[in-house]
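Consider the two complexes below, in which subunit A is the common component and subunit B and subunit C are the respective partners.
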Partner chain A sequence: MAARYDRAITVFSPDGHLFQVEYAQEAVKKGSTAVGIRGKDIVVLGVEKKSVAKLQEERTVRKICALDEHVCMAFAGLTADARIVINRARVECQSHRLTVEDPVTVEYITRYIATLKQRYTQSNGRRPFGISALIVGFDYDGTPRLYQTDPSGTYHAWKANAIGRSAKTVREFLEKNYTEEAIAGDNEAIKLAIKALLEVVQSGGKNIELAVIRRNQPLKILESKEIETLVTEIEKEKEEEAEKKKQKKST
Partner chain B sequence: MFNNLGTTIMATFFGEVLSVYSRAVEEDDDELDENEEDEQIRRELEEKREVHLHWSPEVSESLKSGNKLQCSNFVLAVGQNASSFLSVHILSTANWDTIGRASAWNERSRAVTGQSCEESACVFYRHKDNPTVLICQVSCYVAEDQLFQWTEKVFDCLQHRELNVTVLSDTSVADYKTADYLGGSSAPFLRSLHTSAFGDQPVCQSLEQPNIVTGLPAAVLNHCQVHRIAAVVYQCYSDVIGPDSVTMETYKPVLTKLGRSIQLDLSPSTDALRKFVRTTDLQSNLYI
Partner chain C sequence: MLLVHHTFSKMALASVLSGDSADFSFDSSQSFAFGGGPGPSGLGLEGTPGDSLSFSVKNPLCVGDDDGVERKIEFLHGTTTLAFKFQHGVIVAVDSRATAGSYIASQTVKKVIEINPYLLGTMAGGAADCSFWERLLARQCRIYELRNKERISVAAASKLLANMVYQYKGMGLSMGTMVCGWDKRGPGLYYVDSEGNRVCGDLFAVGSGSMYAYGVMDSGVRHDLTVEEACELGRRAIYQATYRDAYSGGQVNLYHVHSEGWTRISQDDVLVLHHQYKDQA
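Then we have the complex of A and B:
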């Protein structure tokens, strides 16, 4: 039974589990969905907006944060843990700029965050960070990148991925629909992100927040009007597809 | 040294004097050496903790004249998700009369004694078209010393012949003991326990050892087993603390079975769902 092996982080169970790390991954599933898509000239991050209390300032409840001008991340899981990781990453980005006179590569900052997370899975008295992150950006040679980290401290590069609640459903959607033509242009990549989120977001466009980075341009968070327009376009396309199918069936 | 309550006085190694209870009490000691004041306090506490059933006038009349409530199906929901499930999926069809409520004051009741606490009482509903179907929602805490009282008082009002009892109960998946590692994707899930008089097939697998059912569902199941009433408890293990739509959906197969006698609203109105589910989402900023 798990009970004896989840007390201390540094203890392996007889069958090789680190239960605290696995439990931390459960904490990630309690956060709302975030999806990341790597296009050709654009990287997109989409998140399901958390419902904000009436008296709460909406601007302070953000799932997407810039780490530097050319790198940003979306996370899912414990809010407070995310704040700590983001602060450390931001400092590291600037420290890197000052020391090496170059902006960080996306892989470098991902590795830094992942190493930080791994350190907390191997020291006693500390618990792992309860967040997974999707880190996107462009390297200075112009290559778009998307990385995902998790509480264990592993990181991998992805073409498209999702984290948080219902991530499995979104990932399955992406596996079916991430094609060369789906990411042919910037708009298409953004629409793919929205479509993926609409699979799991209940009330449609107004609960989606989207951020994009285009090559040599800073992070841009789309306005809700733009998102609504795109959602309407997507719904139209869906209807047209359904009509076509009906006609095909009847002929 | 002994005094007549069976305590001894002990001197420890360090010289302190401790009063220690001794089990070597003499047989002919007075049972309880309480004075009148203690007795009175105890009596008042017992009265306060008594379970009271308040029926509607016509039901009270019928019960007073010796006729028990005709009942073929009694559905009991214990816990927030179970109660909300019944509210959203069944009671929303408005074919139900409120026929009574039970109140049980204990240390966890928020209301001041003397006032009736409307929201936390256990409410009984009866179907308008099919008056042998009764539903009860229990969202308050019933203490251990009140469980059997509650059960007996309620079942004393119901006729037992051909009675079928279904209990829906919420509990935390953290209380579920298993040798295998349970990944989070399995919760919420249902497990069942039934009396020997229950002839039907439960909609889910039986509760495995060493897990047990506790609280009001256990008291009801126990009573039904003793009185040979067909009863089944469906325990829903969930990883969410408050009312949650996914947890509520887990109970659906139970009502498909009962669908013959009870009207089922399979697609609940989003407003009704929102009322029950929203409240927890907003308050927690822990996860984002």
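Then we have the complex of A and C:
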């Protein structure tokens, strides 16, 4: 039955589905994983970096983009679609600064992006955006925020979330490991993001791209060296954990 | 969504009132058609000055003109309104006289528009222009509040008003208003007019009696006034302006904007104030 109701975006199926939107969500599931974590004084975004071809310059494809000084987003899905959404969001951030004389709140820009996506699920001749976005940042009053949007145009606030390939695995990991102490400090939050990504990313630190925003500071993209250091720390901690367990068993 | 706007077939007013155009955020897929000039029955100032109620004064230098609309906005706004910031918020004081030429049309005009419980706007210039645009501003402010779950800031509210009237620059709007309020940044005071000016400041007086009011205000204003002293200063400034300016008079309406919103302090007839001050001296 899906066959007759999945061509046009503006047509509901008899059981209430918008198939184009659901297919867009499938496209998102094919994209590389992105994870977002909201700490106390820091927000972290991590993405799985696809391995680049030999001749390709590394830094041309960035999956983490700043929307304004205090907000940034990562996406999973069609990169070309993301570019459009990011452009519109950046313009809107500046428009807001102009008309309201205040920077956007993370919720406002998320709502704008979600409204934009929804509009494309209800127009003639257009298809939905094939991306889910994780939007992080700090509001004017210093509260950290993490929001997720999806192709249907809905958005929710999260403490930690993952999108893209193997998002389920990562989310399960986060549900188990997101505790108050896990995000107690900035470094802890960053390590949690790396740990979450290591669950699904092959060959460790080289394929991870990480960005953080600290309160009142602009977006900072971590260098591969810093990531390597953190990965080694994590592996050390893992070994120490394993050692402790061994000792417990033997005594 | 394709919106086709014919600039002259769509009334400016209709496009402002329709939901999408009044949308707060800029959407590049919609064209901005605030239309060509005011519609036939719409916003244009029409009729002879003698018929319509306004705060404006006929420019004595252009006696020959019958139609007040065509004239460049050089005429004085026949009124006195003032507002100033101090440690406890903002004091807003206005007179209440409306003149049509040298005819006093009313002595009991409300020149303070209550935009919402924490924002006030004053009226100087064309009465219709001021009250219409400030009511539209009230609508926009409410929509902002509902959408963003927080009160609009004074800066944003005054910016909305300034942007709205800037669309009509050169088309004969006459409005000189002060947007006063209290938001998370503290007391806010902005002067906005139909020329497109929008300035933030601590102290403003607008209208034909403004010079007299400035004199009194400037000599008495301090940041650390008490509420009582500040109210008395505002009241006295308006009174002195009504004393010397023929186009100001009636009553002095006084408002105080504080962190909880605005409060109407008093309404005093200037004649009564005159005797009061005479007895004091």
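One rule holds in what follows: the second predicted complex is superposed on the first by the 251 of 251 C-alpha atoms of A that agree within 3 Å, B and C clash if a C-alpha of one lies under 4 Å from a C-alpha of the other, contacts with A are read in each partner's own complex, and residues count from 1 in each chain.
Note that in this section a residue touches a chain if its C-beta (ideal position, glycine included) is under 8 Å from a C-beta of that chain, and two chains touch if they have at least 3 such contacts.
What you are looking at is a predicted structure, and each value in this text was computed from that prediction instead of being measured.
On the superposed subunit A, the positions of subunit B and subunit C stay apart, so the two partners fit side by side. Once chain A of one complex is fitted onto chain A of the other, the partner contacts of A:E92 are limited to subunit C, with no touch recorded for subunit B. By the touch criterion defined above, A:Y108 reaches subunit C but does not reach subunit B.
Once chain A of one complex is fitted onto chain A of the other, the partner contacts of A:S123 are limited to subunit C, with no touch recorded for subunit B.
In the overlay built on the shared chain, the residue A:V100 is in contact with subunit C alone; subunit B does not reach it. Looking at the superposition, the partner that touches the larger set of subunit A residues, subunit B or subunit C, turns out to be B. When the two structures are aligned on the shared chain, A:H70 is found in touch with neither subunit B nor subunit C.
Once both structures are overlaid on their shared chain A, subunit B and subunit C have a minimum Cα-Cα separation of 26 Å. Subunit A has no residue lying at the interface with subunit B in one structure and with subunit C in the other.
Across the complex, subunit B meets subunit A through its residues 177-179, 181, 184, 239, 278, 281-283, 285-288.
Residue ranges on subunit A touching subunit B, taken from their complex, read 1-2, 17, 22, 26-27, 29-32, 50-53, 61, 63, 75-80, 82. If you check the complex, the residues on subunit A that touch subunit C are 88, 91-92, 95-96, 99-102, 105, 108, 112, 119, 123. Within the complex formed with subunit A, the subunit C residues making contact are 1, 24-26, 28, 148, 152-153, 155-156, 159-160, 163.
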